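Here you go, one structure.
Read from first to last, the chains carry the letters A, B, C and D; within each, the first residue is number 1.
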Amino acid sequence: MPELNYREAVNAALAHLLATDPTVMVYGEDVGEPGGVFGVTRGLRKTYGAARVFDTPISESAILGSAIGAALMGCRPIVEIMWADFSLVALDQIVNQAANARYVSQGRAPAPIVVRMQQGNAPGACAQHSQCLEAFFLHTPGIRVVMPSSPQDAYDALLTASHVDDPVIVIENRTLYAGEKATVRLRTDPLPMGWHHRHRSGGDLTVVSWGAITHRVVEAAQRLAGDGIETDVLEMVWLNRLDTDAIVESAARTGRLAVVHEANRTGGFGAEIVARVAEAGVHLSVPPIRIATPDVRMPAAPVLATTLVPSVEVIADRLYAAVKGT
Amino acid sequence: MTQLSDLYAMWRIRAFEEKTRELWLAKHIIGSVHLCIGQEAGPVGTCTELAPHDALFATYRGHGWALARGVPAQAIFAEMLGRASGVNGGRGGSAYFTAPEYGFNGENSIVGAAAPIAVGAALASRIDGSGRIAVTVFGDGALNQGAVHEALNMAGAFRLPVVFICENNGYSELTPIADMVGDPQLWRRAAAYGIAGHRVDGNDPQTVRAAVAEAADRARGGTGATLLELMTQRLVGHYLGDAEQYRKPGELDEALRHEPLARLRAALATTGVAESELDEVKAQAYAEIAEAAQKALAAPHADAATALEHIYA
Amino acid sequence: MPELNYREAVNAALAHLLATDPTVMVYGEDVGEPGGVFGVTRGLRKTYGAARVFDTPISESAILGSAIGAALMGCRPIVEIMWADFSLVALDQIVNQAANARYVSQGRAPAPIVVRMQQGNAPGACAQHSQCLEAFFLHTPGIRVVMPSSPQDAYDALLTASHVDDPVIVIENRTLYAGEKATVRLRTDPLPMGWHHRHRSGGDLTVVSWGAITHRVVEAAQRLAGDGIETDVLEMVWLNRLDTDAIVESAARTGRLAVVHEANRTGGFGAEIVARVAEAGVHLSVPPIRIATPDVRMPAAPVLATTLVPSVEVIADRLYAAVKGT
Amino acid sequence: MTQLSDLYAMWRIRAFEEKTRELWLAKHIIGSVHLCIGQEAGPVGTCTELAPHDALFATYRGHGWALARGVPAQAIFAEMLGRASGVNGGRGGSAYFTAPEYGFNGENSIVGAAAPIAVGAALASRIDGSGRIAVTVFGDGALNQGAVHEALNMAGAFRLPVVFICENNGYSELTPIADMVGDPQLWRRAAAYGIAGHRVDGNDPQTVRAAVAEAADRARGGTGATLLELMTQRLVGHYLGDAEQYRKPGELDEALRHEPLARLRAALATTGVAESELDEVKAQAYAEIAEAAQKALAAPHADAATALEHIYA
């Protein structure tokens, strides 16, 4: 099993899909010849040819719309939107087009596209290159959403997404691409979608998170363990399909709930998690909390941005307070 | 004889649209309905040039295109009537149904959104060996939508087998297209994309056919896309219920003098086809359509218990 | 005080704004000469001239973007997006542009646009003309959102929106335009934003809703009153700014919470309401409920659609069950 | 003498960009930075033709435009350095700052998004009596974005006072524009919108100036918009850190022979300006910029406690 970083894992998944499924195409801006602005698609065009791996004009509606059209004809396109923020120039194609295809045709003309995008803040990024938009896609019935944060999940998410017969948004994170290498099992049979990870088991507090910020959550949870606080840390790799039962089970057991996401607080998917737990009738001993970026636009200066996106310290402090009541 | 079959095909569409209006007025059909009365020559001239495996993407004003492509009238009526036997079991309705088994790859109720989708059908044919070409139909106003521009550009840059058909009926809903563009010769936009462009009489099925045949050849031959501007007029409102206050005096009278059915009928009469035969063609079309509507009306409504099916695979 | 229906109330507000503020422009597709596809802007072009009331190409990005540009120059444009669904072809201009203008310029270059749109299902409408998208705008810091459901609120919302120095999305509903006339006070001083209505006062159950479905909620609440169940019915006319305190106060008092919206359930703003009440530590005697359109695309056939959008009966039954536990 | 002041203005931009790179390499500036080295003639030739009340909208590659419009170098450095004294107090950074008090109405980090915004600034001038014209700058690749199309169309249809400036530097990020369009003569797209269009040498400030002057006259005269394609080349990567593997062999050497600073310097030398004077102009520009950077570096960082201000009015 090879040692791969996140970027290499995505690349390996794409290579595998191109190699095994002749209907797979991989395209987007700078995706072909240059191999992607983050190097994720490097080498694929050379191996799999310009008809299947190619660059496009700066035309997100054409990228997404054409993916839908190709999927309607039986292909399995995997397209890239360079930043989740840019999907907003073409959201129609995801929400009004891809999401409806299966339902309206009663299953006869589905649009099983895979849209890779990456999102979130990175040092110095401006407000137009920093948003976490998963909540938009999660409020769109008909669309699946997965947010891998490790090389293994990056590989598995893509493999599964390409085999799922629904449109899937795979949300990556550019701060992870060049991260540490890990042993990645290059499975060839896709996992069933919907998995999550329990990073720690504990009885004091349920902590639910997803995406890159999970790394901070895990670190914060480690610190809490040093204080004798045992958290149950769930990373929901798939947000749709979501394993609500796992969350409810944990929250019912610990009696305390925190949700952590990088997206802005109001209307973020954390609200949905809290609502589902409340609706399930789980009795919490203290009110649930959401740890998120406040309702703000993202400033470019790192000195400002770092006070907004929850840090390990902020997460640890708030989790601590949730348990110790301070 | 092509011209007689064109006449029949156009009467069928006209009859279908009139029956649709009747059903709408009687509140059997509920919701927005966009008729193509006056625009029948476009679909009839185009669809004979398409192979079964070609892809066709239309708009909310798509009944005529679906019929010309072979979708059974009864299934479309049933769709608009919310019947289980509707071509989409009532999910799509008048303005958003699809029938891929007939090579009718769907209406679309978002202006211009189908153009990039059609480009994707053409992209697919680069790798699937199907030889498919893709045709996308939209109105004059749709050319001002960003997605259509992106589609035209991508098709031009990649020399994809797409035929872009712009039905220029002079209006975007209630607004004259001439007021909404800097150059009302819309076909000239093709040059910007490095693709072929033509404006043709959109009320004559033969003229349309010839233009589409040439464009389809170009597409099949791998030399690229075409933008065809079909000049036509709708003889009815944008949608049912449109008060049409935007019409200039005499405009509709003038339009009636160029409308495709009267024109073709007159042309055929000149070539010696008997009036009785021409009447018979019309009567047959209306009879076929009346029967289709009747059967659709008699079919059971969609089952509410199925409303949550097919959201996900 | 005139008797106006909803459409006339919107028209009256627009006329007032055009008459009193020379920087106001009103434009959009079919808005000028034809007076709007719903007749909302009828007569305005004639009175206020083609430079200030006009039709546009079918170019939502140009409509929204140009409004921002005009606002940056000191104008107060009020633009129409005919259906909320169509905003998805141009969401960038709202989320990446308008929302950022004030923050990034530290208040020196705000974009106080008003965007009128209408949304929701109506009999026979297809999936691309039926969505309720308020949750998208409510997850966009920097944007205000108001959803009037009565002629008076339609008038007041617009008046206030045009005076607020932030971008405001005014979400109307086409099923209301031709509704009953009501006495409308044509105030000239705008109300401060953020208001809500308490349609009924009661101690058994807090019911929170917004938009057109509020009419069904009020009717359902009346039925419940017949069964001796007294509900506290809050219509949140403004969803941003939201009067969270009013909701929390009511829920704390009744000990029961239901949120009703027409938007799809998952990720709808109902989740935010439930989450805020839970976070506030309100002790509910029964789990909160959300009554919403399930996670589905909207079918055109009324026989299908009516089983999906919560009806008066469904709302009444679920509210009843929330109190009586059946 | 215009040409000497052009030389100075261009050296100022060059010096600014080089200093920016230096600060980025030293990790004083964090995040994406897009330099306009090689493209200095566009902003310098353009901005002299704009009145203070005109509106100018640029892109992430906007330092040169801001400088030419009069935004102080120090305030831009401070912005990129995240200083409280930055032109937006560090909110915008290198790629998304605005300085409306200088008639610089902002960079934009969404490709093409500023074009419709500029159209709105022109719409406003129809009712506010300001006589303002709006200028929007974007790259070659941006012409393939739907929003730019919609902006061009609206400006054409309404004959609005807009000058669309396309800086064609041959690449959209890492991809050659020639591969992404059907017709690489981008200026020809103007015809589709019924507006004037020209391609000019974008590396000569005087040529740019003349073209902009004509376009501005047209705009001020009420006869409509113009699309100007400025042919230029960036001598550096798309962003700092770009490995530029997409360059063809010899491409940069060739580009260096046409780059605006060397050209103007050589031209001035031919007309008899002393080498020493030319050196002095350059030295002055570098000195001014070095001092601005120095001051910016010395200023205090933005105050984290203010990060939540100005979200709403």
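Quick note on the criterion: a residue touches a chain if its C-beta (ideal position, glycine included) is under 8 Å from a C-beta of that chain, and two chains touch if they have at least 3 such contacts.
Predicted, not measured: the structure shown is a model, and the values here were computed from it.
Chains touching both subunit C and subunit D: A, B. Between the CA-based centres of subunit B and subunit D the separation comes to 45 Å, rounded to the whole angstrom.
Averaged C-alpha coordinates put the centre of subunit A at 35 Å from the centre of subunit D.
Between the Cα centres of subunit A and subunit B there is a gap of 40 Å.
Under the contact definition stated at the top, the residues of subunit C that touch 2 or more other chains are 56-57, 59-61, 85-86, 89-90, 92, 96, 100, 103-104, 126-128, 141-142, 295-297, 299.
Each of the following residues of subunit D touches two or more other chains: 89, 91-92, 96, 108, 110, 113, 144-147, 150, 153-154, 157, 179-181, 311. The touch graph of the protein chains shown is complete. Residues 29-30, 33-34, 37, 55-61, 85-86, 89-90, 122-129, 294-297, 299-308 of subunit A touch subunit D in their complex. Interface residues of subunit A, counted against subunit C in their complex, comprise 61, 85-86, 88-92, 95-96, 99-100, 103-104, 126-128, 131, 135-136, 138-139, 141-142, 240, 263-264, 266-272, 274-275, 278-281, 284, 286-290, 295-297, 299.
For subunit D in complex with subunit B, the residues that touch the partner chain are 144-147, 149-150, 153-154, 156-157, 159, 179-183, 188-189, 191-195, 224. On the side of subunit D, the complex with subunit A involves touching residues 29-32, 82-83, 86, 89-96, 108-113, 141-142, 144-147, 172-175, 179-181, 245-246, 301-302, 304, 306-308, 311. Listing the residues of subunit C that touch subunit D in their complex gives 22-23, 25, 51-52, 56-57, 59-62, 64-75, 77, 89-90, 92-93, 96-97, 100, 102-110, 112, 141-142, 144, 164-166.
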